[in-house]
Amino acid sequence: MVLEDLRRAVFAGADMIIERETELCSLDAFVGDGDHGVTVRKGYQKVKSSIEEDDPKTMSDLMMSAGMGLADTAGGAIGPILASMFLGFASAIGGKDELGVKDLADMFAAGLKRVQDLGGAQPGDCTMVDTLYPFVESLKNATTDDVKEALEAAAEKGFEGSEATRDMIPKLGRARNLAERAIGYIDAGSRSMYYFLKGFADNAVA
Amino acid sequence: MFIKKLYNDLDTLVDEAMAGSRLIADDAEKYSRVLPNSRITVRRDKYKKPKGLVKLVGGGGAGHEGPPGTFIRPGGFDGMTTGDVFAAPSARQLFRMIQEIDDGSPIIMNVARHAGDVLNSTLCKQLCEANGINNVYLSIGGNDVASAPKERMNERRGSGGALSCSTVMAECGESVEEILRMAEKCNSLQRSYGVGIRPAIHPTSGLLIMGDMPEDEIEMGIGVHGESSGKRIKLPRSHELAQIVLDILLTDMPVPKGEDIVFNLGGLGGMTWTELDILYKDCYEILTYDYGLNIWRHRVGNSGTQELGGFTMSIGWPDDEIKKWMTTRIPMDNYPKD
Amino acid sequence: MFIKKLYNDLDTLVDEAIAGSRLIAQPDSDKYSRLLPNSRITVRTDKYKKPKGLVKLTAGGGAGHEGPPGVMIRPGGFDAATQGDVFAAPSARQMFRAIQEIDDGSPIIMNVARHAGDVLNATLCKQLCEANGIDHVYMSIGGNDVASAPKGHEDERRGNGGVFNTTAIMAECGESVEEILRMAKKCNDRQRSFGVGIRPAIHPTSGLPIMGDMPEDEIEMGIGVHGESSGKRIKLPTSRELARIVCNILLEDMPIPSGSEIAISLGGLGGMTWTELDILYKDIYEYLVYDWNYKIWRHSVRNAGTQELGGFVVAIGQPDDEIKKWMTTPLPKGLYPED
């Protein structure tokens, strides 16, 4: 994929989240304070407006612009963590003007690392990492050179990861205080992460 | 009655608070001392005002405690005494203080106009005279527009102020007549007004001060002990309340456009600084842009009535003579250099 | 929700409070500092900018902790400060903008009180800086609230209050970033703090009570400066008893030999009365001086921090000679214009 593909894919991922604000809020209503949908909607609106304003000319700058936009959102941990993820994307694809499956695997792996570094979450902690981690693993192990095919397969793994948070005991954030009582609820952060990856995967190739 | 305040013993509350306040204020021990078994503070010998200069004393109730500071020092008062919570010190106590500092020079007792303070000061003056101290003068001040109408200005209670020249004039060797004349002038050129928003707990009775306020109302024209005015309004926005209070003050004392004013905003202890910051901004804008006045001096603080959420606002309109004294440096040649 | 506080508009509350606080601190606020347009970022005016080569210092934190007027961004103070919403960290983007504004190639230290949002946004800000070629940004994270993490987990303790900090004066004196960071860590390691909540306050934008569910005769031990609950409640003791309880908690965590010099700070959280603070300070003083035989080297008592919350934070520090030296060093002459 090239610059315009990346821009389209990021925008599609952002839109998928923005459209699902209410659903994401209701997921968060039991374990959190019910505003996850609002927080990520605001964050991804910033992603779009920042890219529209900066009109970046390289793929790395595009991810940088998204990260800077997210870094403008105050309050809560999600905004900064997602911002850091995009900075990780940007640094991994510096100097590139076309991305293949391996480049995408490297890019998402760098984002995953930033998310884990800043947020401190491991797979199984009932967070967005439970979506992003299997997504990255799937991309890394992809046997195809077809970007769309690889991304869609990875998104499917991400979905399974998000579904699995139903059975997890939260280890981080406010949900941690609920412990076992959170079992049976999908982590809202894992689901919003899935929507971004799904929108991205479905639109990576025109 | 259970009182949700930190204390040890209601009987020693005022004395313990005084002791703590002196430990907190860095300069307290250097400049001043407390007379044994009393609530009377006087200057240390080393920093005593020279003989011949007019001495200044003050007194008032406890419970108004604020941030640490030492008022009894060169450039400040010569003696000060505290009563019980929200109660004037006794005449006997006032008299003991005057005996302590009397060196034959004139002594001015500065009194905020509250019944108990005026009564005890007047009695103190009689005690002095009965004991041959004939150089004691009373300076009674009060300018709270909520406490008496304009026609009865000299009945207004003390609750705040913006202008003051006494301490500097005394250090400069001005005569008692001049100091009293200027104190009177300062008082006549300033106005104050209080508003209560959230209640406080009386520190010794445990009763609520302003306790029966409806949740969405505030009280206009309260005194610094939470004295009720009976006049309540719905909580307005900060800029609306600023407008209302400034209009009250400036209707009582109209100040022409372009004049210099002194503006004081005193939170009563339980105002948040978030509120005071916003309220001051609103006052500044109304005074500067709507009234066309120039804020020559300003002060914003927060203490006075325990944790009461409320404030007193004062406007002073200094003339050249007041400004001259308010900008005169206090001569320190009379005192040892540190 | 009805909020019994004086304000105009919840959306502009923080910005109006900043504007008011700057008007109150006039003329010093405009003399030494300026607010960047459309921001909550304060930096020094050009005239009082710290000379190139000296380490620059930034700070940031939530609003709602407003206290008496003062100007921290000035010679002898910090170089930039940013504010977030009420009790919320400023965004990383805002911190980054502050750093861009003051960056002259010299090292920059971001001073961070350990609260999740502050650490997160500061860390992200550092990443933004690096991604933009500013690679001389350092973080100094402080926290010493013994109620927030047990002994052995000192580096997880939240920021709550403190008694000494040598960062600002060392930077003015031209000390290296390594030295300043080393001393900041030492200062933090040699102090402990603990908070107590007695009477509730109203959150200025949500209108909800902070510490709202307290039983009438109980107080809460180990609260944070945003009123964070510890869940540990006791019946209201006397001032003298509470002074002992809190000092013992601090001194058990950081034992100080009898006869030592200590620094003590008592910070009312806004709604303590000065009557209470006066008495409590006396009780703390008497306990530490007569029972523990300490010498009070420095003390400070203030009242602001958590709106009109009736509560306080006590901090005790044990300065060593190096800390004392820096704490008594005056601002070097000749760096800034004489007035």
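We call the chains A, B and C, going by the order they appear; numbering starts again at 1 in every chain.
Everything below uses one rule, namely that a residue touches a chain if its C-beta (ideal position, glycine included) is under 8 Å from a C-beta of that chain, and two chains touch if they have at least 3 such contacts.
From a predicted model like this one, the values you see are computed outputs, not experimental measurements.
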- Relative to subunit C, which chain has the most distant C-alpha mean position? A
- Query: What chain is most central when centres are computed from CA atoms?
  - Reply: C
- Looking across all chain pairs, point out the one with the most C-beta pairs in contact. B-C
- Message: Suppose each chain is reduced to the average of its Cα coordinates; what separation in Å results between subunit A and subunit C?
- Response: 35
- Once you find the CA centre of subunit B and the CA centre of subunit C, what distance in Å lies between them? 31
- Message: Just the number, please: Cα centre separation of subunit A and subunit B in whole Å.
- Response: 61
- Item | Residues of subunit A touching subunit C in the complex | 64, 67-68, 71-77, 79-81, 83-84, 87, 90-91, 114, 118
- Query: Quick one: in the complex, what on subunit C touches subunit B?
  - Reply: 2, 4-9, 13, 16-21, 23-24, 26, 63-64, 66-69, 198-199, 201, 204, 216-217, 236, 238-240, 242, 270-283, 285, 299, 301-304, 307-308, 310
- Item | Parts of subunit B lying in touch with subunit C, wherever the complex brings them together | 2, 4-9, 13, 16-21, 23-24, 62-63, 65-68, 197-198, 200, 203, 215-216, 235, 237-239, 241, 269-282, 284, 298, 300-303, 306-307, 309
- Note on the structure: subunit A partner, complex, touching residues on subunit C are 84-85, 88-94, 96, 116-117, 120-121, 123-125, 127-128, 131
